[in-house]
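Look at the two complexes coming up: chain A is in both, with chain B in one and chain C in the other.
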Partner chain A sequence: MISFILIVNKQSQTRFSKYSHPCTIQHQQRSDFELGLSRECIQREGHQNYIFNYHGVGIAHRRYASLYFILGFADENPFAMLELIQFCVECLEEQVDRVSELDILFNLDKVHVIMDEIILNGMLVESNRKRAAPQMT
Partner chain B sequence: MSMRGLTVFIADIRNCRVRELEEKRINKEMANIRSKFKEGNLNGYQKKKYVCKLLYMYILGWDIDFGHMEAVNLIASTKYSEKQIGYLAVTLLFHENSDLVRLVVNSIKKDLDDMNEIYNCLALHAIANIGGREMAETLALDVHRLLISPTSRSFVQKKAALTMLRLFRKHPDVIPATDWADRVIALMDEYDLGVALSVTTLVMAFAQTFPEEYKGCYVKALQRLKRILIDRDFSLDYIYYKVPTPWLQVKCLRLLQYYPPPEDAAVRNEINELLQVIVNNSQDTPKNVQHNNAQNAVLFEAINLAIHLDSNSQICMQAAVLLGRFISSKETNVRYLGLETMAHLAACADSLEPIKKHQETIIMSLRDKDISVRRRGLDLLYSMCDTSNSKVIISELLRYLQIADYTLREEMVLKIAILTEKFATAYSWYVDIILQLISTAGDHVGEEVWFRVVQIVTNNEDLQEYAAKTVLNYLRSPQYNETMIKVGGYILGEFGHLIANSSGCSPIEQFTAVHSKFSLCSLQTRALLLTTYVKFVNLFPEIKSQVLTVFNQYRHVLDSELQQRACEYMAISTLPTDDMLQTVCEEMPPFPERESTLVIKLNQKQGDTEDKRVWVIGGKEANLERRESMKARMSSIDSISTPTSFTAPEPRPATTTNGNSHMMSAEPDLLGLDDLSISTPNNVQLSSNDVPTPGFEPGYHKLQRAAEGVLFEDMHLQIGLKSEYHGHLGRLALYFGNKTGATLQNFTTQIDSTEALTVISPTPVANVVEARSQVQQLLNIECNEFFRESPGLRISYTSQATGPQRLFIKLPVVLTKFMEPIQSMDGNSFFQRWKQIGGAPRESQVVFKSGSQSGISIESVRNILDGYRFGLLDDVDPNPSNFVGAGVVHGGKAGKVGALLRLEPNMEQHMYRLTVRTTSEIVSEELRIILERSLTYDA
Partner chain C sequence: MNSINSISQQILAKLPLYRLKDLIKAIRACKTAADERAVIQRESANIRTAFKEENSESRHANVSKLLYIHMLGYPAHFGQMECLKLVAGPKFADKRLGYLGIMLLIDEKTEVLTLVTNSLKNDMNHSNMYIVGLALCTLGNISSPEMARDLCGEVEKLLGSSNTYIRKKAALCALRIIRRVPDLQENFVSKAKSLLADKSHGVQIAGITLITEMCQQSSETLQIFKKAVPLLVRNLKNLITAGFSPEHDVTGLTDPFLQVKILRLMRILAANDQEASDAMNDVLAQVATNTESSKNVGNSILYETVLTIMGIQSEAGLRVLAVNILGKFLGNRDNNIRYVALETLNKTVNIDTQAVQRHRNIIMDCLRDGDISIRRRALELSFALINESNVRVLTRELLAFLEVADSEFKQSMTIKIALAATKFAPNRRWHIDTMLRVLKLAGNYVREENLAGFIRLVAQSSDLHQYTVQKLYSALKSDISQEALVLAGVWVIGEYGDVLVSGGNFEDDDVMKEVSEGDILNLFESILNGPYANQVTREYIATSLMKLSARFNDTTVLHRIQGILQKFTSSMEVEIQQRAVEYTNLFSYDNIRPAVLERMPVPEERLMSETTGGRGTPSLDGGHSSKAGPSDQDLLLDLMGVGTASGGAAQATPEASPISPSTTSKAPPAGNNMDLLADIFGSGSGSQPAPQSPPPSMGGGSLLDMLGQDTPTSPKVQQQRATSPTGGLQNMASLGQALPSATNGRDNRHQAFAQDGLVIYLTPSRDQQNPTVINIQITFANDGSQGTISDMQFQAAVPKTQRLQMAPASSNVIQPGSSEKQMMRVANPQQTPLRFRLRIAYLPSSTGQKVEKISEFGPFPENAY
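Up next is the complex of A and B:
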């Protein structure tokens, strides 16, 4: 299952985070964990692997312009997770037109709703881009 | 949707370049919101806006401790946008144990029942995110209804499936998953791929817990793959970069791996056909990276499935070729997963040949730029090692060890040590490699590694001389390496005499070599070396004076351990005769063979960090062993987790151990202190003949007639017992009280359990009994057949006050314990039955003399019969001093047996005539024996 989704910027500031249950990362330790993990991801250069193991959690991450999308998972196919990030980004793009740090900040509630449409408590719900768009009013 | 206030606020925060400014702005806003909330009278829009601001602050990492009530109010709103923000706030700010969750349960229930499906979805989201026990209990049925109802829209169904999954994960007891099996499995056929994906995910979780009930999902998963891959029957929206719904394919392929390979050849062919299609599809050159990744996701999962099904199949051969291409791919991700999957293949395949072809590439991967790839390369090399390539691989690993990442070294050392031991063909090679390993790895060598070296050298005589010589050479080198000194000290102390006659290895030279490093070592190592020295005194009297100088020096050091050793060794060495010294320094006995501590350590490491896998790094046998041990663990967990239900008796006379001893033997223990006889069935046979500890009888006999009391007592230990019996079942509680002022260590108990009488200890007894305290052990007893022998109880412990102790006593479990008295039977029916049973062989009669000096006491006879659970029937026998009794013995599988008894005491001659009639010969005789003994001695 997918343990968490993080979107961070180049300064390792968390812009979006969602954890699912049961989660091994305690609430109090999350900001430290996010900081360490995002630094690790940002430091990994282009030639390195996008899939690795961080403190026992499987990590897949991809970079889109100045944003890093990080997915933590256990017991899942790593390639499928890597592509899930791309899929999420494509879905976000449809709704918020350009996925940039500002767009995410100003549409945080929307981003949450869209992500909830795709991943519900750590499990993929919908893999059809058209249908993952939530009914917005 | 737009909220100007919020946008301004976010822009403000973004403009704060320093953390302090941000904090100031946040505090200002919080104060503002607080006062607004306090004033009340906010309309929906305002509430929504403020809650949104709070959420934003929360996401930035600030603690939010108010606003929950407003969020709850928003949920109840009729406007979608407000409801939605309310739910978002609830899912983010609430957690399942918060008291406030109670407030939203009702709103959620209302929304689940609403006609508006979008509201249903919001409610499902909330449950999926914060559902705790209360929600599970109240709402599980509603969620189930939404899942299976034919009127539910697909976007509700798919969410209901995953919401159900959450509730099941959290509180499996609340979800009647097995009852729903058919309905839920049927949903896997849904044409809508979104629903199919969610339901498959749910079924995967159910199937792992209830494989039997959910086995129908196997065929469904197969059909789904067939529809996607062969019939190409799917909605076109679900094609992701030319790959149709890769996530669903991956899920189905994974689900198939949770079940053992199918027996049915037709099914196997079908799967093979599908796998072949996937492999063929992967031959297209991908157009872009997304296509490539999606394709690989499916392909790797398919390869894993192929390995799971049959690692020698045609498909696997093809897979090996593909993997060979992958591990030299330019793309890091592909290399990484290629290596991982190849390690899976190596772990399962009979033949490593296809993998060995790529040995060069794999060794190269140890020098990859990416550490994760290096790690995978190491795992694979470890898995693919066998006798033919072990020398190459191990020397490569040794070479790489010197430049390896620090985080990797300890694990590498363990792996090298294991491989060296496993594939050693020549003793000298083993010693060379392992000492080279210790000398290169230095601080990264864990204790286990050198313990193991010592064990192996001690157990293999041919190794000893060579090991001593090599170790001495290492000690002479100027390099300082503490682990090497420990190994050296131990080996020379034990086997130094074997090389004493070679040139350059004379006793004094050995001593100098060791002692030159002495002052550099840690206190612990120095203590070990002092022991080496005292062994030297024994082996080489000629260097006694040099050694004594050292002892003398250390008699005055501050460290108490060193000082004590020095003083004691000094005393032993200077005794008038050498007898004591020789006894103390007797050669170490060989270590008992057991699982290598190294492998245990390695498995622990993997258990710590790796996710749950179906296979482990290592060769085929490692996986076989693991599967066996998992099975064993599963069954032991079963018997532990269900203390009230009784497991079926084992076919052979088995022994219920308290489980602790089993675990203990898995711990590295160099001294071999724990008793191995516990785990070997042979010894159990032997020890059942051993003699019970004297003094056990009084308690044993007394408690045959009583439910509780003291079973046994000696100077150190008191054993109390409480019991209750119903029908053929019984429960015993044993209380072990430590009477001494010292702690009882390694406290273990072991209780005989036979087919006829199973004794199960649901929880092991504590391993340690503190001074003047007691521990408890519960036993569940089940009578399956009529039995004669009472189960034995073996106790062993060590303590400073007593030294090692063993006790063997009998538990007061006799056949009459499973008897229920019959009180209401009149004379007619008694004699009618008495006659029905008739005489021998179903009657057992005896005439015997009372052992009591003072004559027969009617009162105590009555007590005895009562204690043995006979119902005494008065006014049946015309002679009032005669006893008539009845009862039913519950023999479990052997059925119930009615027992009738007549006892005629002869007061003048101090004699009894005892007659027992039952429908079973064995029971008659056994009851007669029990009563005869008791009446003779106890009355």
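Up next is the complex of A and C:
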């Protein structure tokens, strides 16, 4: 099950977050948690280990330009999670050409909707890129 | 330029922030966190007033701003009602944003959630499939148990809808429902089956996820879905062999997500089922061989395949294939893959150790990797891999690693190396060498139990005393910073100091050395004055010095010893002061001082419990549960058969007294006290070589006779009589420890003889210390029909391949209604079945006639011991 999806920039600012329910991280603790996790991911760039364990949660992360896509999961195939990140990014690109940080920033609700089409409460729903496009009207 | 910027910023700051874009721009323009908080607070206040004014046009913008603020971590609960109002509106964009807001802002515990139920119900029956999808999505994310119960019927209906878009969302919604309310599972079982056969991959994925959850929750559903295994196998085959499909393709592989999910479900379904596992064998082999592993996608599928192969009851060839895949992972340069492979190997090494041995070298290399998580896992794996054949090589590597390891590893490593060395040591010298190295490298992290174990080991290996004491001496000369090394060294030098001094030259790093008594004293003084001495060290040195005073002859050295002890008598540490005063007093009792300070008796082996290999972080509890080394008091008492371990102690002590009438031996009567003591010091435990001490007495001699040589009195069978009491003392000593296991086996008794009211039972059990020895407790029970039975004599004979020791019976008179006991021990090195010829003689009081019977007792049944 996927516990959460985070998109963080290089200054550890959260640009997008989606937690699945029931989540073990309360709302108040979220910003601290995200900060710690994003620091961990950013400093790992040199060590090249993008699958690891953080406070008991399995983490897979990938860096695209200036954004870090972080996926937290429990009891899942870690390589499949990396693929899922790639898949999400490709779906986003279907909507907007060459996704950048500002695109995510200013269209936060759209990103939520796209993510909802792909992942429902921590479970994968659709693996077909064409079908994963949401209705915009 | 700057003034224009600042002016425009001031203007911007005053403008109302209508759209989400503006808010975001404003927040990004903030330079400090305090600025950001101010902007957000101002905006929250604006939004709250706007909500109170019930302005429907701006609601959308306000809620989206609120969601952004929420994501940054600020409180946003006042927007919950607004989201509900949005949902109630007709516009799709409003509904969508409203549901999104509900999903983000509201969780199960809020009471507002119940208000949502009605809107959800309406929207699930809407004609627009996207709106239905929205409702399903929301329900799937945050439903509470009450909502789940209410809306279960709707979801069921939608699960059967003809629209794939709706079906896949409904499937995951059903997942959420059965998670919250497991009772509702039955409703979805029938529908779920049809999901598997669906053409659309999305529906398949959702269906598989739903079925996985159902199977994990209840085993009856698992049975139902086992019938779906052929269908799954077919689907997977199609995926692998299908041609290129642009929608699902990921760098050449068709829909890896679906493949992984199918593999996972197969693993759960076939976990304990041979038939289902067989059905999957070839498709698993096909996946494993056809998937190329150059890219991460391929790796993910291979990984899932390996997990599945390990999880089901696959055939041996398949398992070897799986371990080989893991081996290939280990050789990959990418750290992630190695990390995952090591984790998986840790979990599977217990299942299939042989196959993992092949990759031992790579695992050894991983010990030196740059990444600490890889090192940690490689370490656990190496400990799990140690066995008799590779123990030398592996321990050498592990000791090399110990030198450079971080301190968090050192403690667990010392425990594990000690354990491995104890279990698999090829010979004593190697064992001592290994432990010495451990002490030298990580002495500060060695636990007390391991230290005690080492001392016990040294005491038991009498031939290596000189070697050990020389090695320890040179180690101490070079480095006194490791506490455990100091303690061990001090103890050993105290015990065997005379051996060290009389040993003459020995080579230490190509330098010939000879140690004199004065040198030893110098070493001790340097330890005492050094910065590492603590109370424990001082205690050890005090005792050690005392022992040396009995072994050394040089008067100047003796004076020095007395001087040091004198200094200790005024120490601030109570324990040291007490010891010093007592020892100093002992100096005035010169006649018994040597006897008191004789060599320590060899401690008995105590069982150390093991930690089972490699799961997660090594637990230190394994060290805790092993018993501490025996104290001096316990040792002596143990050897006399009274004391800590033996439950049958009460029976043992009467036997120590001289001749019991039940024996028919002609051996000499019990010796005096000196003989008893000498016997204790001269015997040790049965199978260990005797340490250098006074020669064994008569009783010990006959014992060695029995154990060592065959003295056949008849060609075929060896007959043993009950032994003399001093030998009996030795017997009781070792039998005393075996008794607890015997008394526990009451239900394990076999009847050997029944006549005249006398019933004899034999209760076998394996000796805990020596698995080729069987302890048999003989119980004579008198049911009283023939009155008191007296003059009870029981003799037994065993085949030539075995040896027998008998102990005296508790009494040779058996009162009616009671029973008496006797112990015998059979050494069975060739593991042949145990058979006895019994000669039983007794005198029942009713007839007054002596009865003598000879009978055979056949082999014990299979699992008797």
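The rule is short, and it goes like this: the second predicted complex is superposed on the first by the 135 of 137 C-alpha atoms of A that agree within 3 Å, B and C clash if a C-alpha of one lies under 4 Å from a C-alpha of the other, contacts with A are read in each partner's own complex, and residues count from 1 in each chain.
Just so it is clear, a residue touches a chain if its C-beta (ideal position, glycine included) is under 8 Å from a C-beta of that chain, and two chains touch if they have at least 3 such contacts.
This structure is a prediction, so every number in the text was calculated from the model and none was measured.
Trainee: Looking at the overlay, what does A:Arg39 touch: chain B (first), chain C (second), both, or neither?
Mentor: The answer is neither, since A:Arg39 touches no partner chain.
Trainee: For A:Lys10, decide between first (touching chain B), second (touching chain C), both and neither.
Mentor: neither
Trainee: Check whether A:Leu108 is in contact with chain B, with chain C, with both or with neither, and answer first, second, both or neither.
Mentor: both
Trainee: Considering only touches as defined above, state whether A:Gly56 meets chain B (first), chain C (second), both or neither.
Mentor: After superposing on A, A:Gly56 lies in contact with chain B but is clear of chain C.
Trainee: Can you give me the overlap between the chain B contact set and the chain C contact set on chain A?
Mentor: After superposing on chain A, chain A residues 14, 16-17, 20-22, 27, 31, 47-53, 77-80, 82-84, 86-87, 105-106, 108-109, 112-113, 116, 120-121, 123-131, 135, 137 contact both chain B and chain C.
Trainee: Spell out the residues on chain A that touch chain B in their complex, using ranges where they run on.
Mentor: Residue list for chain A touching chain B: 14-17, 20-22, 27, 31, 47-53, 55-56, 58, 74-75, 77-80, 82-84, 86-87, 102, 105-106, 108-109, 112-113, 116, 120-121, 123-131, 135-137.
Trainee: Quick one: which bits of chain A touch chain C in the complex? Just the residue numbers, please.
Mentor: Touch list, chain A to chain C: 14, 16-17, 20-22, 27-28, 30-31, 47-53, 77-80, 82-84, 86-87, 105-106, 108-109, 112-113, 116, 120-121, 123-131, 134-135, 137.
Trainee: In their shared complex, at which residues does chain C touch chain A?
Mentor: 20-21, 24, 64, 67-68, 71-73, 92-93, 96-97, 100, 104, 107-108, 130, 137, 140-142, 165, 168-169, 172-173, 175-176, 200-202, 205-206, 209, 247-248, 250, 255-258, 260-261, 264, 296-297, 299-300, 303-304, 307, 334-336, 339-340, 370-371, 373
Trainee: Contact residues on chain B for chain A in the complex?
Mentor: Where chain B meets chain A, its residues are 1, 7, 10, 14, 52, 55-56, 59-61, 80-81, 84-85, 88, 92, 95-96, 118, 124-125, 128-129, 155, 158-159, 162-163, 165-166, 169-170, 193-194, 197-198, 201, 235, 237-238, 240, 245-248, 250, 254, 290, 293-294, 296-297, 300-301, 332-333, 335-337, 369-373, 375, 608-612.
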